[in-house]
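Before anything else, here is the set of structures, which you'll find just below.
You will see two complexes here that share subunit A, one where it goes with subunit B and one where it goes with subunit C.
Let's look at the complex of A and B:
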């Protein structure tokens, strides 16, 4: 195996009820082995109950160059944040 | 050979020597991910070996602990099967060895989990889940290499042919053992045959069947392996991490 196997992104769900979270990536020749490798690399210490692997090529990502256009316009729109409500007394965990 | 002590010792030695051989791949596997996988499997085997050898020492009642059994016996006192002491060869040979070993250990540990000896049953219940994963991992590689390129097919078939004679020893009768190894052969065949077929590999004909490991009669390879495995403990008795 002189050329390296394709890259896979790994998502692990830590507990029932939580969402799968990206934890890292790995190399594997195919999806089945990627899943096994992910089990060995990312759930050695009982980090999860479910694993997804996705071919890195299948992910369409936003570009760092587009950061301004993508994210900056949200910065001055404070009315999108729920900060204009009176919190009733006795609500501790809103 | 007789009784639970010899049986626990034989299974413990199988796991210990398999762990030592697999450990050779650490930092040398074809890819980092496979490196971690093989090392994990080696650690599983080592864990089972520690439990089995500790229990063997208690059954013997001569005051030998796991370290005394692992580090202070000579080759003629080891009871592991010949399969695990064979050199790693190329990656295909390593995969073939792991494939056949785990296809034997899985039904063995499953049977142990239901046996009358509480300690062995607990060890079997723990180790069977690990063995199921080892078999799964080895099967994946047998299929990929066997049904891969012309070169990987050639090497995988050569590895299966080379290792096959050593599987028969695993199913020889073991007087006084809580599990009769001859009863495990059907489960072994049921695990191995479909994978070989899917991998487009020919199941070798049964013929030459070297044995002797359970009686302490080993290949020359074991002596070299033990020399390396035991040197530290023999130079510094009782050394601890």
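Let's look at the complex of A and C:
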């Protein structure tokens, strides 16, 4: 039996103007076949205008163990959101 | 598109199946945006954190901590589901070369290709739980994991292809639409894709039957015969009655399963009665009648002893289906080997150029 071919994560851009979105994964021996398989598997109904395949091993992910610490720095910076600021009555275009 | 004899899809999401799938998708987004109040700390109390996410109707994702039994249950269920899609290609594939017109052949080819796709979406979802594809394939080929018992029945006539679309895919949809709300993210997302595609399958089957049922007396008789043979096996697809179902209670608590076997079976019967009337075909159950008190149809239960026999390997086609699958896998070995060798070769060439 042959060795299992590597896993690829598939990202599809549904229409021009949208970002690529993760749609799933598949196995293929190389990037070129991964692209062809991705086309047959994830865009049989014209679901995309562009596909990225990324070797699953090449992805570095934040894991839930470090979830809190990892995303904490954003929690105390409410001033990053426009709703933080008080706007005097009657100001236009702000 | 193969020509202009194909009507354009006229259904926008809103009603029926597609509406339900869209609602599940919207609920997924809404639940994800919800704040979970004072959530337990994922570092100190893993179980409480897991329960909290499930209570909030949010999704468990692959890297989250989960109870071992939750992982095992999901692997078993998703794998069985994936195997069913793959084995399910056989009964219909049987008619590709004998489809009555080029149009029907092109449609059937597309449908069987979809089933392969569904199997692959589901294998990919199962793999996120830490089991490898090779292992899943091995478990199926060794007979250590099951597939849906319905695919162990033969497709004797062209009308069977229609009935598989209408009843078998119809029953699968009733089972699967609630799975779009399953608590495990990758499974729920795969089911949303699958359900969107299944609605085409069910309609193409219904159309085949409608044409036959309004054709010559022979054609109508063929359609009726197929309905007679597939009705009870389709009812059995929902599994044993609630009292005998071994996995149900825990799966409900984990929100893997949302409705009981008997609830879903009833929903299916209630849908089919009116659809059969429009076809002008009879569901082969003399006890089938509206119960005003229950606001549902009374019906005869399928033969669950037969279901157990088929699951255990004594159905009409069990051996044939597994043999065919093993042959197909073995016959494809040289393709996998060649592709791997080519990839290694190309990688080596690239390295030489770079050096």
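To be clear about the criterion, the second predicted complex is superposed on the first by the 78 of 94 C-alpha atoms of A that agree within 3 Å, B and C clash if a C-alpha of one lies under 4 Å from a C-alpha of the other, contacts with A are read in each partner's own complex, and residues count from 1 in each chain.
Just so it is clear, a contact is a pair of C-beta atoms (placed from the backbone, for glycine too) under 8 Å apart; a residue touches a chain by one contact, two chains touch by 3 or more.
The shown structure was predicted, so the numbers you read here are calculated from the model rather than taken from an experiment.
Of the two partner chains placed around the shared chain by superposition, subunit C is the only one that A:25 touches, whereas subunit B remains out of contact. When the two complexes are overlaid on their common chain A, residue A:33 makes contact with subunit B and with subunit C alike.
Looking at the shared chain after the overlay, A:61 reaches subunit C, while subunit B stays out of its contact range. Legend: residue contacts after superposition of the two complexes on their common chain; A:41 is shown touching both subunit B and subunit C.
Once the two complexes are laid over each other on the shared chain, residue contacts for A:7 go to subunit C alone; subunit B is not touched.
Common to the subunit B and subunit C interfaces on subunit A are residues 1, 4-5, 26-30, 33, 40-41, 44. Within the complex, the subunit A residues that touch subunit B are 1, 4-5, 26-30, 32-33, 36-37, 40-41, 44. Note for the complex: subunit A touches subunit C at residues 1-5, 7, 24-30, 33, 40-41, 44-45, 61, 63-65, 67-68. Residues of subunit C touching subunit A in their complex: 41-43, 61, 63-65, 110, 113-114, 117, 120-121, 124-125, 127-128, 132-134, 189-190, 197, 333, 336-337, 339-340, 342-343, 346-347. Subunit B contributes residues 30-34, 36-37, 40, 136-137, 140, 144 to its touches with subunit A in the complex.
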